[in-house]
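The two complexes that follow have chain A in common; it is paired with chain B in the first and with chain C in the second.
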Partner chain A sequence: MSQPTGVIHDIGYRHYDGPRLGRGAAAVALGVHSLRGAFGLGRTFKSKIMPFLLFGTMMLPAVVSITIMALLKQVPMGYTDYAVFMQPVIAIFLAAQSPVLVAPDLRHRVIPLYLSRPITIVDYIGAKLVAMIAALLILMVVPLTVQFAGELLIDLPMPLHTHEYLAALGGSLLNAVLLTAIGLTLASFTPRRGLGVASVIAFYMFTLAASAVLTGVLESEGYRDASSWSILLNPFFLVNAVQSNLFGTQPTEGLPFPSGAGPALILLAVVALAVTGLYARYRKALTA
Partner chain B sequence: MTILATEALTKRYPRVTALDQLTVDVGTGVTGLVGANGAGKSTLIKILLGLVPASEGSARVLGLDPVTQGQEIRRSVGYMPEHDCLPPDQSATEFIVHMARMSGLPRIAARERAADTLRHVGLQEERYRPIGGYSTGMKQRVKLAQALVHDPKVIFLDEPTNGLDPQGRDEMLRLVHRIGTEFGISVLVCSHLLGELERICDHVIVIDAGRLLRSSAIGELTQASQVISVEVEEGLEKLAARLTETGETVVVEGRSLTVQVRADETYDLLRDAVVDLDLNLVRLEQRHARIEDVFR
Partner chain C sequence: MNTVVASITYRAMLGRKRIWLLALLPIALIAFALLFRFIGGGDESVAVRLMTTFAIGTMLPLLGLIAGTGVIAPEIEDGTIIHLLSKPISRPVIAFTKFVVAASLMVGFSVIPTYAAAYILIGTESGIASGFALGALFAGIAYAAVFLLLGVVSRHAVTIGVIYALVWEGLIGGYVPGARRFSIQQWAQSIADQVTTSAFLKSEVALSFAVPAMVIVVVGSVLWAGQRLRVLSLTGDE
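Moving on to the complex of A and B:
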């Protein structure tokens, strides 16, 4: 007769004596968790719809570009203009997904649980910033890379746009950093997700309109210098200007951006201001 | 063995003094920290976790200084806050695994510990459903699980029985007691109900307005705090006299009678007295002793 094999014992409470990693590992885990969250991975089906729809939309011009290259043997769409051209999609992604990263923890008061662990508030903010930057990079770099891969495979009767592609990668990083700083900060000021979405999109619409109207007025009044600066109110044009000055690429739509380090300094100042605001927001949450 | 100790710990906010020269010493086992709302319990926990600096005085947790070694303290301490702190759209399993990883546990260990811990706090199949649909009792268990998942040496529980019905309270208290005894994790449990803590604690610290009122082993407090309140239609004096005869401590308070519980026989004596005297019993209830009762 065989012995019974599947006996269940109540072994009671067992202590954990395995490895305990430091705050670095915890911050990385939080970053990965947040990045997955930005695309709705590991969440419900509903939270995947928006990011993947927007990601699909971002891919469309690249696919069309490849088709044109293959069939008509013509120049692909400009790498360095991709973000400016697709700015509404990127802005909607930022508005829709920034609150996903920061709002639930604030709204449901999960922050104290993080703070009672080795992880610090700086680690927490850092992980969230890096996750959103990575999400935006994926959104912007994948279409560029797909298009460049297409250009490599299709034998065009012209030199490769390698420099433009690399400049656009640099521009994407600048874009991701700037948009993340603005988006997460605006979203963190309200614990309600809907309000966060609205405030980020309202901010984008405001800069879009202010940039266009102010530039139009200044130009018609003959203030060419001032108008070249007022375009930069729109964050996408600001990044495009820095990208042009930094990598020597053509400005989008031949816009007369100010040259020199000015735009880059503005970009740095905006990022610094936004991150300071974000830090102040969480300092407040810490003492409350 | 001393788990945590404070020395003349003071915390002043611009308008209030939350802690005033508090000196306590907490050993292993279950220790209750009793005080009315606003007595400084939560402030004390924040200082011990190294999240808020003290204005004066010093503290040690597991021999570490919260000001300079907050990191190491938070690695070996669990904290269950008083307020709601759970995201409703995640399942308990997902959430506890995430919190384990935030405590520095590797992925696989985090999963194992989360499953173990949820089983210990008594969450069954429902742990795969979103937390938003849980009852208050289940939410409290999840909150407790996140404090336990990294196998801390000490846990701080802030009002763990808040919002629970009597049965839920009993279960939670039993669980806290098991953590202190079977699990071998030292517990500092805050409450404003002394009657609740005396059932599970080895030691009780009472603070009021940030000052230490009393710190003593549980035996010294028990007698004073178990009280039953009796109301009868007529013949209150007769009942009081009868009970005093049998050796009970009785106080007449207006239309009701307060009886100190010496031991379990007190209940029987009281019942027999009412029956023998043929009185109409209106009300008979166990009063949850509050701090004020003990120190009156």
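Moving on to the complex of A and C:
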């Protein structure tokens, strides 16, 4: 194919002239590598402890409700508010693992090296986003599916909760997309892992407390509308509201969520804003 | 106490964009206080709710986490602590200096905003402002010491700290009364309850338990952090 021209400098390295897989395969490889990294696979034992501990905690309610179904023949815990119920665990997973995906590359300033390959900045960000979304989906969907499988096997004297289960799967996808967009963007602003964890969890705890305080006070002062909108500050309640409006399921604890397309629009706007921020961050990392 | 180490640590914590991580939560607290005052919610129950849920329940552990681990953990993470440790300064003195910096940051970013927010809402009524400020002061110092120790002991200090604040104090403390005895938040509320005469605040833990526990935790953590720093080994990044 190419003849060696500079004879003096040709010290006999063999050229690679096999097939080149190109941009798509590189992005897929990066995505798979990031997904494995989110669970600490292929890393040291120490970095596996936290993700698997959190995953185990996520499984606990499913196991408990299968036991309840088997022994007491009672309704299992709701599918649609599994994420709301387990939100601290999901938030800690997001905070602990988002920096794992983005911080090392930024700290060691290797982004330009990635981009010297066929991969583009959009591919890089896309691969990281998809990997984190997949990781969160695994975290949320596996317990739901195990519980549903349990319900199928145990054969309760009541109709199956198939609609709730499917709605919860849709909700999990929305949750994963929203949380990933926020988590990766916040984590990418600092190259240090500890600070990344702190800023993601600070965001979550802020929205948690702000939503609780605002809702309570606005309600007691008689601003019912404002109160029902302020619940949505918490990303888990935002997703739960979209999920109830979209699939017609019961909102958590009968919370008075605003109906209509409002919550869904907020969700889309937040995701778009976060992804734009992430893109801007990596454009800057490229020039720096 | 070493002033040079302290000034370097202050610069690391407050320099450039880092200060926003500390400043945003107090700003939000003041903003909430102004909002509630504006919509006419300036009564005791609102003030106590804002203080317990937001100021003591969220802002204080988060800032403790950011300040306590932030003064030392990033240096250990990227290995620059070696420059500090190779100087002829005793390691316990380094640990104590870092603790003093973290505690002073807690006063600036948590105690003063707590007082200001309560004052905006209800002035000095029932001693709520001073009570919660005093609670925040003691609990802030305790959080700073505990999270400083965590930052020296573990590389996952922030995650472990978050699990303590969210799961232990938030979830388990909500269901299991015994867990509340070992919650810094509850100790802060005991102190606040002692000062304020407001009927809306009920503390769970006796002051006779909270104060000695706090002293033991602070002194023990700082001493242990100093000891751990003497035998710190810098292993490679994961």
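Methods note: the second predicted complex is superposed on the first by the 275 of 288 C-alpha atoms of A that agree within 3 Å, B and C clash if a C-alpha of one lies under 4 Å from a C-alpha of the other, contacts with A are read in each partner's own complex, and residues count from 1 in each chain.
We take it that contacts are C-beta pairs under 8 Å (C-beta built on N, C-alpha and C of every residue); 3 or more make two chains touch, one makes a residue touch a chain.
Only a predicted model underlies this, so the values are computations on that prediction, with no experimental measurement involved.
Touch criterion met: A:H33 reaches chain B, while chain C stays clear of it.
Using the contact criterion defined above for the overlaid structures, shared-chain residue A:V142 touches neither chain B nor chain C, since it reaches no partner.
Legend: residue contacts after superposition of the two complexes on their common chain; A:R23 is shown touching chain B, with no touch to chain C. Once the two complexes are laid over each other on the shared chain, residue contacts for A:P88 go to chain C alone; chain B is not touched.
Contacts of A:A212 after superposition: chain C is touched, whereas chain B is not reached. By the touch criterion stated above, A:T44 is placed in contact with chain B and with chain C alike. In the overlay built on the shared chain, the residue A:L113 is in contact with chain B alone; chain C does not reach it. Look at A:R14: by the touch rule set out above, it reaches chain B but stays clear of chain C.
On chain A, the surface patch touched by chain B in one complex and by chain C in the other comprises residues 43-44, 104. Chain contact summary for the complex, chain A toward chain B: residues 12-16, 18-23, 25-26, 29-30, 33, 42-44, 104-105, 108-110, 112-119, 286-287. Residue ranges on chain C touching chain A, taken from their complex, read 17-18, 21, 24-25, 28, 32, 36, 39-41, 45-46, 49-50, 53-54, 57-59, 61-62, 65-66, 69-70, 73-74, 77-78, 151, 155-159, 162-163, 165-167, 170-171, 237-238. Residues 49, 51-52, 71, 74-75, 77-79, 81, 83-89, 94, 98-99, 101-107, 109, 113, 116, 120, 146, 150-151, 182-184 of chain B are the ones that touch chain A when the two sit in their complex. Touching chain C in their complex are the following residues of chain A: 43-44, 46-47, 50, 88, 91-92, 95-96, 104, 107, 189, 192-195, 197-199, 201-202, 205-206, 208-210, 212-214, 216-218, 220-221, 223.
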